[in-house]
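Taking it in order: structure first as structure tokens, then the write-up.
Labels for the chains are A, B and C, by order of writing; each one numbers its residues from 1.
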Amino acid sequence: MSPSSRHAKVYWTGFAVIMALLIIAPLVLPEFWRRFLTEILIWGLLAMSSDILIGYVGMVSFGHSAFFGLGMYGAAAAILMTNPPSLWLAILYGLAGSAGVALFVAYFSTRLRDIYFAITTLIFAQIFYVIIFTWTEVTGGENGLSFSRPQLGIPGVYTTPFTSTTLHWFVLAVVAVSYLVLRRITQSPFGMVLQSIRENEARTRAVGYPVERYKIVAVMLSGLFAGLAGVLYAIQNRFAAPDFVYFLVSGEVVIFNVMGGIGTLVGPIVGAGFFLGLREGFSRLFPWIASTFNLPQIAEAPYLIPVGIIFIAMVIFMPQGLLGFARRWLNR
Amino acid sequence: MDFLWHVWDALAANRDIIVIQTVNGIVTGMILALVASGLTLIFGIMDVVNFAHGELFMLGAYVGVIVLAATGSFWTALIVSVLTVALIGAVLQITTLRPLIGRDPLTTILATFGISLVLQNYALWQFGPVARKIQEPFTGQFTLFYLQYPWYRLVIAGLSAAIITALYLFLRYSTYGIWIRATTQDRVMAQAMGIPVPSVHTAVFAIGAGMAAASGVLFGPLVGVNHAMGLDWVLKAFIVVVVGGMGNLGGSIAASIFISLLEAYASIWVSPSQAIIVSSVVLILTLLFRPTGLFVPTPK
Amino acid sequence: MSPPVTPQDSLVTVEDIHTYYGKSHILHGVSLGVGRGEVVGLLGRNGVGKSTTLKTIMGLVHPSQGRVLLEGKPITRLPPHKLARLGIGYVPEDRRIFRLLTVMENLRTGLDRAGVSEAKKQELLDKVYAYFPVLAERRSQAGGTLSGGEQQMLAIARAMMLEPKIILLDEPTEGLMPRMVSQISQIIDVLHREGVAILLVEQNVPLTLAASQRIYIMEKGVVRHHAAAAELKADDAVIHQYLGV
């Protein structure tokens, strides 16, 4: 068997095993952890969309919170405006919302490089934040919007309410399909061009590729999947709030990317899991330390302090992320 | 023609507010200039986008609160704050930024973003979510034309201008200033001339941090001091640095005043949080048409 | 007969250094030496690694193998600013003066050192203004406004402010008019008389032969030939062979 087809066999076996685990998980886990796992998948999807830009084209965007938020609010709009709320309409509206923003951002992406692009996307996220925050009549302002969860199925033919298990499977299906689609795209000739843009933009342009068009498509792709994550989040949590549009959320997403491994597509999901796991861990550890060692102030310690320090340490010492590190370790 | 008369009438009717907002704009602009100068200096010399700059501003304000409570003297608080935060800045640069020299610039953005998260949450933990107050060193107003305007705000503007002028003179005439300027222009040759470039980097970061801290203490009495106060400022400072021209000290001062004036006028009609849209629009227009900076002569 | 590659009382010794730029293997084991007060020429076609050798000595690039010694002590991994303080001056190709600093400020980057009295500083300045009167005239002008030749003089003067034991000169006559070229020749003489060693990388063969005591010739990242300048002046067949001049 040739090495590449053996490699493929190993890969798909691994993929199947992980999928199996994720499918069985909600059946054996308690409710809290079930939701936790679903959340990891949703944030993972968001981080994966960001990886397209950071890992494959080489553009850091702090604007993903805008795509995510618009997806969320788009879904909210669909759910609130139709009765009974339609799942597919929610997805459609959410994607449309984030696509619109993505187009806007994409236009600028072709004109700005590196740091200017990062700062501009950050500003955009903030503009949307301010608009959503202050346009209270439409967006609910500071309090956001809450709504019910649409039913799974095709309206008029068959619908059933989501249980947390079926919701998990739905999210898993969406995320898995997204991953496969994105993987296919990044391994296609299109994806190769993106990577060569990251390596050396001038040379790619000199060879004759319309770099601007590739960048625009990359941003649109990234924005769409980020919006999809927003839709899923809206469905799971049944509310939309401006907090998710604030640029700090984009920053956290970039943290997932770095922790997991930039440019690996799967890495960001691992990174999301790692970050959220650390969050849970420290949120429980601190109160325990406080009560065991009688240090009451530690109980309130924000988890972001140790997690932030771990992040900084990873940027310095493990810039390839967990996945990159694992890959090197396995190759030894 | 009628339209112009309407505008004139509106201006005349709002004359008082416009005058006050002009002065407010200049005052805020000077503080922003103080924050942005540090940021642009750091960027100019070591290509580091310091995401944590707003948090240094915030830390400065908190140290000011503590020292003020302990000593009762505003001016002591100012000096101690500047020195403390400058030291913290130096330590941060040595531990987290020095190892990243020579790597992808993205890594410094990430590292400073991480630092900003840690500092924000540390402040939230230690001081809680309720805003603290710094008492201004003197109250009292004076007559500006025929309006009443607080003395303190003018002092802020004056002090900021003084600090920036001191910085300028330092850069222009002192030996260390020459070292800093040489390093900014050509880091490699500066080293070849015996200039200890790593120490210069640390010193500049410390200076930038100190300036941010001073802004925090000076601005403290105007707003509440809380853990999130840095976020707004870092955004505005970034806008200023880009509009003024990255690494261009004079440009960022001009841009600070320009943008603050625009926002001050805008907040006559919209809420202050929406005023940021005004600066954002300026930023976007600048990036589209004059990406090297509004106040920088177009490169030939 | 060629003198030994590394003279016993060597000031700077380079031992078998290999330097890479990324994946490109530029220096494949370069060894050479410069004695106290000696002028040594380094000749070779474009791209053979002459500038890279100077940069390795100056610590601007680190070799992956081999050593650089200053007065017998290893300096291979030291940062450039320490080497400048230890007495190595560097005048790069394309001069690289600080364009936005004035002539005076350019000189001050080397002059403002710890342990140098004001009197000494004035002495150094006076000396350099005597050698380069045009710099005295333009002392308050920004470096970027000077002509090519003036910038070259400033670059050399700036290095002299460090009171170096050795100056690494990288193609000082490139792009200069003939009148300036002879001025450079004179400056090298002056420095030699003052006891400053010079490692001179040049394309101008006659100037190098006239100014140097010994010559190294490089090809493809190694030293291929080494001889006293007098020998090569008499028989320049070798030079034609390696440089095609």
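Brief remarks on what is shown
One rule holds for everything that comes next: a residue touches a chain if its C-beta (ideal position, glycine included) is under 8 Å from a C-beta of that chain, and two chains touch if they have at least 3 such contacts.
No experiment lies behind these values; they were computed from the predicted model shown.
The chains that touch both subunit A and subunit C are B.
The chain closest to the protein's centre is B, with centres computed as averages of CA atoms.
With respect to subunit B, maximal separation of chain centres occurs for C (centres as means of Cα atoms).
Of all chain pairs, the one linked by the largest number of contacting C-beta pairs is A-B.
Between the Cα centres of subunit A and subunit C there is a gap of 55 Å. Averaged Cα coordinates give subunit A a centre that lies 33 Å from the centre of subunit B.
Between the CA-based centres of subunit B and subunit C the separation comes to 44 Å, rounded to the whole angstrom. In the complex of the two chains, the subunit C residues touching subunit B come out as 58, 60, 79-81, 84-85, 90, 92, 96-101, 105, 108-110, 112-113, 158, 162.
Against subunit B, in their complex, subunit A makes its touches with residues 60, 108, 111-112, 114-116, 118-120, 122-124, 126-127, 130-131, 133-134, 248, 251, 254-255, 258, 297, 300-302, 304-305, 308-309, 311-312, 315-316, 319.
Interface residues of subunit B facing subunit A in the complex, by the touch rule stated above, are 49, 96, 99-100, 103, 105-107, 109-111, 113-115, 117-118, 120-122, 124-125, 231, 235, 238-239, 242, 271, 273-274, 276-277, 280, 283-284, 287-288, 291.
Those residues of subunit B that touch subunit C in the complex are listed here as 175, 178-179, 181-182, 185-186, 188-198.
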